[in-house]
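In the two assemblies presented below, chain A is common to both, partnered first by chain B and then by chain C.
Take a look at the complex of A and B:
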């Protein structure tokens, strides 16, 4: 195989580049949210403001570790699909989606609990706290929908189009998991 | 079909110039505002408006140059389709994305500049 042919074969498809552009846009969104959080924190004498308890650390850390671990089955699904092992790809995708749904349910329950003890409009801290966590939860939900859609498509067999979809979705999940680490680090930063 | 000498370089310039111009406009404008509003008495003497106008003009010119580069690549890839195998499909897809995002970023740069130049400095809501 010539070098040019090898390069062409390893070139990413347009679907992957589309996801790369989308991820860049989402990274900008979260960059502005992190920037806003840091700005507000540096402008405040007390963070969180007086009367608001510091965030608890154990459950968010465990939940983030569980979410990040789903990068493994997502990666396995992609690797299996590339080798033509469709059954294993479907199973890995289903395992990842089930764990991610469990993560989302617990996260939304905690979010609802926080909403009962702290109103988003009560302070700048509350506003950015709920915006950051809500934006991340929305990204997890979008990723789960992508996975379920792909799983249903893979039930009807593997095509090049679906493989590109799986490649783009795997990229998205690795990004969402990297974001999860950054979001929890910012969320727990008042404890440092 | 227009032939361009280095389509890859032009493509990446067309794709990245406008967002980078917007980023620089935002960060430098923010820094100038902080310097103007929280600095010493001497830093409070300079006017922000000429800085904001100049920054917006430079960012807009860079974004327009990026759009011109994207247009050149778009014309040189006429007849190709974004679903073609890479690299042709990729170049066609990314140049379409560049044409769209450059338009959006130009609007964002202009609106941001007009707002920053028009608002009263150092006054929080």
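Take a look at the complex of A and C:
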């Protein structure tokens, strides 16, 4: 195990490349969403349109900071697994997943709350606002599923296959967290 | 010690054959992860869709043969027109070039035993097939997509197109896009990680460069289309607003996102054809490609520039002049890499000793049509010309010369060229040459007069026209040409089908091709290469000493990988041997996952989001099952 683990650090396995390219595609998808947001904004005289309050900034920023901080345990899980410290890798993965689940629950509650105060069908602003947040929440949920699956596999020990899976999942999470910063920046941009 | 007469190489081949043996029967095909079988399934599926798209075209041409035609109703004509475009682009050319040719040939050309992700490869095929069945189920329900293949809003909005027609289009293309994205990722990783030792990037066959360029293009071009179709469905089904002015949306948003996808799409369609041309020409000109590195760079450059020209589809929408000028200039820039390739092809043929067998004839036809379609393409980069002729048959003529003449002709040549490799039998050469001339004449007759009626003012997408406009003779010629073209295609199909059963045995290398697929028996064994080849040039089959060294290594058992389902991984640039990968074999999960996803899309179409979510949940469970099947630790 340690021999393959050492080699993994120098060269990227196919699984990592696959995830990196998938993330490239997803980044393009979000780039399109951001582009649409800016395009619609430039087409409108008032943004948000009249009658719609500007988004609140405190809670989204705190939530994003919390989500971004989970990159640390995710990275730690990978680093520990590479050194063969399986127990620590499992624990770090669990910590990350718990924080991310909490984030997702609070975010979805806020989303539901927003839906009551602002209909997505009210305007293009509301439509792109909910689409953007929904797309990001879906990516968070997918990442949590990946982690839960990895955690269950790691309960049965570490193999090269699982290490590559962990490497790919860690990459995915750093991407989702970077995306969270961009999403919140776009979402709060009317305040600027 | 017993007397053993069997050479060690034969023992090794036999052992590999047992390791890589297919599961017999239908189940073997349904669960296969062999890139060659998946490629063949792509081939047969796309040819069925090609036939459907061809019948749609002939129906339209029959309707337009005479003025005031009444073969089909206007509503049916709109559906034929839309399905013809959608079929030919999303269900025929892309899956045929990448799915069939790419899948079958890329691993053979780079000396690998499979794709990087064999199960994801199967998933791509099943998702593609699901998207095709999904789109065509609309035809049987009498509500096929009817807003044109580029489906402009506001026409495609609920108010103006209330049936499920456009929903089939939007959801079908999202499903199709997931398939192509997975295929693109698979090709990129395969090309970067699984090349045979020694095949550094500068020694990779140009066909693989073309597939590399196409895969990058798909990866970046499909997300805008997916987002666009998702916006459309959110607006049609849930009442979101993206495309209507009244609620702060903008109909032009659809066009921007569609053409950000749609123009790279043109290069996605035509680049594999370039790759096939650069495979066929050196073989029949009996020399290496002229300017090999320049052609490789040009293939990549075409795709890169292709992302910066999309607004030339929107010159008539009232964009700012500065935008128009930028995109006109960028569009002219595409000429440079295209011309590099044309000169390289022509010089290779003229400085070689060309043998005009059927595959090379098709490449000749391709170059003729590509130059003609390219010249009318440059005309459209001139903004006033475009604004005068937009939405006329001149445009139809231009893009059919490109998409049929330039993209499909090399595919037809490629079908002949690799037919002996795939089946182990030769096609009938004389009949193949006749079929080329019939197809060439049919294509010219069908599409050339469209330039003239376009200049005379005939607009595209009309279901009929009045007799006194002076278009009658041209339209009749086009229709006759369409049937000649269909006859040519049927001749090709007939030649291949009969040769499949009656053809002469071809042997491993009937044309003395240069790339690795010609070093192995025809049809290729399930394990592709008995010994992993070591490559020192872009035309390894012409390096006799290297191939003899491979045979020696097979005798010695060096890099034969005869202990499991294995293929080597190499470094991304220099292809230094890195590790031996254990590859998955047959798996039912890709088919099951594709089924779950397809059912989820059907439920979305019927507006049952909760049931759709349940099916997606089943999809997640199949993924868990898929990944619990881990490779054995070495």
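Keep in mind that, in the parts below, the second predicted complex is superposed on the first by the 183 of 192 C-alpha atoms of A that agree within 3 Å, B and C clash if a C-alpha of one lies under 4 Å from a C-alpha of the other, contacts with A are read in each partner's own complex, and residues count from 1 in each chain.
In this section, contacts are C-beta pairs under 8 Å (C-beta built on N, C-alpha and C of every residue); 3 or more make two chains touch, one makes a residue touch a chain.
Since this is a predicted model, take the numbers as computed values, not measurements.
Q: Which partner reaches more residues of chain A, chain B or chain C?
A: In the superposed model, C touches more residues of chain A.
Q: Touching A:17 in the superposition: chain B (first), chain C (second), both, neither?
A: both
Q: Would you check which partner chain A:57 touches, where first means chain B only, second means chain C only, and both and neither mean what they say?
A: After superposing on A, A:57 lies clear of both chain B and chain C.
Q: Thinking of the overlay built on chain A, is A:128 touched by chain B (first), by chain C (second), by both, or by neither?
A: A:128 sits against chain C, while chain B stays out of touch.
Q: Once the complexes are superposed, what residues of chain A are shared between the chain B interface and the chain C interface?
A: 11-14, 17-18, 21, 28
Q: Could you list, by residue number, the parts of chain C that touch chain A in their complex?
A: 116-117, 120, 181, 184-186, 188-189, 192-194, 219-220, 222-224, 226-227, 230-231, 234-235, 238-242, 247-250, 253, 256-257, 260, 569, 571-572, 578-579, 581, 620, 624, 627-628, 630-631, 633
Q: Touching residues of chain A toward chain B in the complex: what are they?
A: Residue list for chain A touching chain B: 8, 11-14, 17-18, 21, 28.
Q: Going by the contact rule set out above, which residues of chain B touch chain A in the complex?
A: Residue list for chain B touching chain A: 19, 82-83, 85-87, 89-90, 92-94, 97, 101.
Q: State the interface residues of chain A toward chain C in the complex, per the touch definition above.
A: 7, 11-14, 17-18, 21-22, 24-26, 28-29, 31-33, 36, 39-40, 43-44, 49, 120-125, 127-128, 130-131, 145, 149, 153, 159-162, 165
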